[in-house]
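Chain lettering (A, B, C and D) follows the sequence in which the chains are written, and residue indices restart at 1 in each chain.
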Amino acid sequence: MESGLMHHVALWLAAFLTLGIFSFLYRDNTWYKVCEAIFVGISAGYWFVAYFWDNLYTKFWVGVWVTPMADRPDDWYVLYVGAALGILMLLRLVPKVGWISRWPLAFIVGATAGLYLVTYFASNVMLQIEDTVRPIFGAENDAPIYEIIGNIVVAVGTFTGLIYFFFSKEHRGAFGRAAKVGIFFLMITFGASFGYTVMSRMSLLIGRMDFLFSDWLKLIK
Amino acid sequence: MLFRVAIAFACLFIIAGVAGQPAGDTALAVQQTIAPVTSLIATNHEYDNGTGIDLIWVPSIDDRLAPSRVTGYEVWRSVVGGSGSRIAELPAGANKFTDEQCSRESTYVYSVVAISVAGNAVSISTAPIQPAREWINLHRLNLLAIAFLVSAAVIYFIQSARSGKKLFVRKIAGLDAVDDAIGRATEMGRPILFIPGIQDMDDVQTIAAITILGRVSRVVADYDTKIKMPVSRSLVMTAARETIKASYMAAGRPDAYNDDMVSYVTDEQFGYVAAVDGIMVREKPATCFYLGAFFAESLILAETGNSVGAIQIAGTAMPAQIPFFVAACDFALIGEELFAASAYLSNEPKQLGSLKGQDVGKAVALVVIVVGTMAATIGSAWDVTFMNQLWSALKVVFQTN
Amino acid sequence: MRRDIPLLITGIAGVVFIVQYFIPHFPFNRFSNWFSDWFSIVAACAIWLGALNLFKLSLEKIHARREGWGYAVITIVCFLLMTVVGFSEGRDYSKVGTGFDWLYNYVYSPLSSTMFAILAFFVASASYRAFRARNFEATLLLIAAFLVMLGRVPIGDLLSGFMPPGMRLSQLATWIMQFPNTAGQRAILIGISLGIVSSSLRLILGIERSYLGGD
Amino acid sequence: MTEALVVTGTNLGVVISLALIAGGVIWLLVRSLKGKEVERRVIFGFVLIAVSAPILFPITFHEQISPVVKAVFDKIESLPAGSTVAISFDFDPAMAPEVQPMANAFTRHCFAKGHKVVFLSIWATGQSLLTSTLDTVVRREFPEKRERIDWVNLGYKAGNQGVLNVIVSDLRKMYPTDVNAVPLDSIPMLAEVKAFRDLSLILAVGGGFPGPKEWVLYVGDPGNVPIAAGAAAVTAPQLYPYYPRQLIGILGGIKSAAEYESAMVDKYPQFDSVDKPGLRMMGPQTLAHMVIMMFIIIGNIVFFRSKRMRSQL
């Protein structure tokens, strides 16, 4: 791969940065601050470059200029709309007309609101309801008992959980008790997700430790 | 739809008829070659922009022998007045195909070739067909109807609230704490930190965060508290500045506003978190708001905020991150509460009316869940026809595609 | 005027993007693709605003010799290094073997994965601090988390080894994830989507307008 | 049950680190009983020891394979030798510790069964991780397997699910050449593979977007190809709805990777000597989980203690 020296420099650099970030756990210190400054600079630069080449150049410039006419999709010209919105956005740099940048912003907000409204309605409300509506047990009664209990739990949990989210009705009486059961279900959900995630998070730390012990210090083969 | 059913029935009859023939006949007739596919029909693909044509056919009889003598099918298309070409290869047993590469200007003729080791058999060509495009996707009509119902409820309650009808809205603990939390920062002389998530303005959670920022910064402007808002997206920076500026103007203190209240850090998730963590331990904010779309950084932020003794109010609609906020923050807005927050904080009747509207949606969901589960259980356990019909009707209504 | 035009734009865009979902006919069938293209172009333009802001704040800090100005120098140098290398590599800037790729692999990536790994420590401190049986709700959270964690490691099955197969802790953990967890997630998801419907409507109808700023 | 917990690794280091943790926990407990809060850094210290000690002095458990994982194992076992299988590397360095062990185990399994493997990635960040699997597993452990005859590296293509949408019906349209610019038409092992729907199995390793879910929606369902997922533990629950109809099996997180490695060793003893990061990481995982559960217990002792003390006042 790389020459020996370059590889060593790379390893030591990566180790220096790794330990610098870890040092934050003890307390804020100069080493961490240096790593933080490097991180912000390098990553902001990364995205600046990536946005330029991937979006402005590859998407817009290539789309309206480089690609030969015959190979273009029939709606290539709409890319100009994007560029126009982008330029309006950049007018923010000119104090006198900076307010025009609200137009592209308003467009983005409106389009996002419209898109989310229908897609979330379709994929979450409709689909989740459809999934909840299922028999608790079937004709043959061959479903194992844990599954039957599970199905009841899903139906009751979804029902009471939704009741908890009601805003315009006071949580009192039977309704209040149902909402209370709902919050119990939510809490079990949160606990379970938390416990389940621990393994993922630990893996990341193990990965870093592995780098320090084996790649850098070569303590293990 | 009816037409399709008719075709399907026709095919079934043909299969049944063919299968019913004496076996000896076909065995004698087809020594070397194989039989072609039959009943090939081309129809317009419904509800598209005029690019699709559906093909359906009855597989070659030899495909039904075991082991099948047919190894696969080829679909050929020719433009009327032009040349033909092979557009697809399908495995044995296939009986339908959708050609999605059509042009509305052309008329097509299709044929299907059954392939075997011994030789190929070409079917009779379809009648010429031209794809059509439709204006409305009727498959989504159910979605349109239900979405319309819920939206109408929201708009109705907004209107009725406008006309002065009193509305009850339950307490949301995290939002009742907002004023106190800002007041605390003022007393301590420390800044408040507002983190609008790490997504851009094309995420509705970020937009919700910015609308809440509008209410929060209004209080901040009134109290003359310091607000710090590092962001990870440039568009969010622009929108947040507009929002805070408007709040300061509304509070009658435009001079106190400063663009540096909002600063861009970096688009990178963890680079941003590293910087925000640094800001937290150095400036020791009295109150932290984490509202918007969050990923793994949720717990890093919440634990660091806790270590500097900040009051933390969080809210997200990312199901995977809500548990961390619930566990590690003082107040957490769970899912839907994030979207209700700006309406709740505004305390304007028309905004609160929209909350009542979305409750109608929940009521519909509750009824469907109860009725549907009962129908499905009774229907399948005791085989009650009416219940089964009700169950499948509900399934159809809530199906999306 | 400065406020009415943007409100009109939001409303029209919102309605159009709802309607496009139901219309397969050109040009509606392309709208969502167009929007994602447009958005990526706008975001690529807007990052200039962000980068200039980062520069401005850092330079001000350095100029005034404010506390920590040295770190601002490091940030600017790193930013410039990355952009100069990135632009000089051309459009294949991220190909394996380029200088940009080297910086990505040995600077960006270790920093990013270490920051991510720090989360493991915070999971532990949050468990210690937050999982306390303050009330019934908190106790449920605690028990669910405890059981699922136990079920995910071999120790869990060792402890419950006396139970008949099918009722061991690992299976219990799976059951919790499969049923109660599904119920909670579903309620949350349905709620969120209805919340989105109503807040999107508020935006489209122009009732919610704080994001647009003042006059 | 005895079989599920065969602990190997019996050196002094294990004993010392376990003693260290046990002693520390007792010390913590005593302190807590005296009603003192524990500082965060102490907790961090415990996590550090619990994770690093088993890395330095490996402890491994034998994992019992669960049905969702076994389904994948059995599928690869049941394919006739010489079938063509694709492994997609759709992850980044941050996710790699969790999912790369799965990709490596899949690779070994496919080669051990004599299958042909198509490697690719639809994540830009996946290319270098794919290269590292080729270097450390394919070229080192299977030098007899020849590139473009037994395996091929298609590399990365930008376009997310758009790529999948195309390759399901036409591979050459998206990938005219492999990563070394060799035209696909001149690659012997791909002579029969015109599209991804011609494959016998696709192993989608990843966890973000696009990931296994997109493979199911854009390739598995329309192309009628069996798909198996190797996913990060965080995203695995979201894949369960697709099992077993649309996904033949799911590996979720490092635990499943360890189970798979255990199954591999049982079936193919020759792999006992290779690096098994899944099993290796289960040691630190187990210890870390135990330490965290200890903290929950101690945290509650502190809490009840202080509550009682308050009520006595």
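Here is the rule we use: contacts are C-beta pairs under 8 Å (C-beta built on N, C-alpha and C of every residue); 3 or more make two chains touch, one makes a residue touch a chain.
Worth saying up front: this structure is predicted, and the values here are computed from it rather than measured.
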| item | value |
| --- | --- |
| Where chain A and chain D overlap in contact partners, by chain label | B, C |
| Pair sharing more residue contacts (C-beta pairs) when C-D is set against B-D | C-D |
| Whole-Å gap separating chain C and chain D, where each centre is the average of the chain's CA atoms | 23 |
| Approximate Å spacing (C-alpha centroids) for the pair chain B, chain D | 28 |
| Centroid distance [mean C-alpha coordinates] between chain C and chain B, Å | 17 |
| Centroid distance [mean C-alpha coordinates] between chain C and chain A, Å | 3 |
| Residues within chain B bordering two or more other chains | 140, 147, 150, 202, 204, 207, 235, 238-239, 242, 265-268, 270-271, 274, 296, 319-320, 322, 324, 326-327, 334-337, 340, 355, 358, 361-362, 365 |
| Touching two or more other chains - residues of chain C | 21, 39, 42-43, 46-51, 54, 94, 105, 108-109, 111-113, 115-116, 118-121, 123, 125, 129, 131, 141-142, 145-146, 149, 152, 177-178, 181, 185, 188-192, 194, 196-197, 199-201, 203, 211-213 |
| Two or more partner chains touched - positions in chain A | 21, 24-25, 33, 35-36, 39-40, 42-44, 46-47, 51, 89, 92, 102, 105, 108-109, 111, 113, 116-118, 121-122, 125, 129, 131-132, 155, 158, 162, 165, 186-187, 189-191, 193-194, 196-199, 201-202, 204-205, 207 |
| Topology of the chain contact graph, where touching chains are joined (line, ring, star, complete, other) | complete |
| Residues of chain A that touch chain B when the two form their complex | 21, 24, 27-28, 32-33, 35-36, 39-40, 42-44, 46-47, 51, 89, 92, 101-102, 105, 108-109, 111-113, 116-118, 121-123, 125-127, 129-130, 132-139, 141, 155, 158-159, 162-163, 165-171, 186-187, 189-191, 193-194, 197, 201 |
| Interfacial residue positions of chain D with respect to chain A in the complex | 41, 44, 47, 51-52, 55-56, 94, 96-98, 232-234, 237, 241, 253-255, 277, 281, 284-285, 288-289, 292 |
| List of chain D residues in touch with chain B within their complex | 40, 169, 194, 234 |
| For the chain C and chain A complex, residues of the former touching the latter | 2, 5-7, 9-18, 20-21, 27, 30, 32, 34-35, 37-52, 54, 68, 71-72, 74-83, 86-87, 91, 93-94, 100, 102-121, 123, 136-138, 140-149, 152, 166, 173, 175-194, 196-197, 199-201, 203-204, 211-213 |
| Contact footprint of chain D on chain B as seen in their complex | 88-89, 307, 320 |
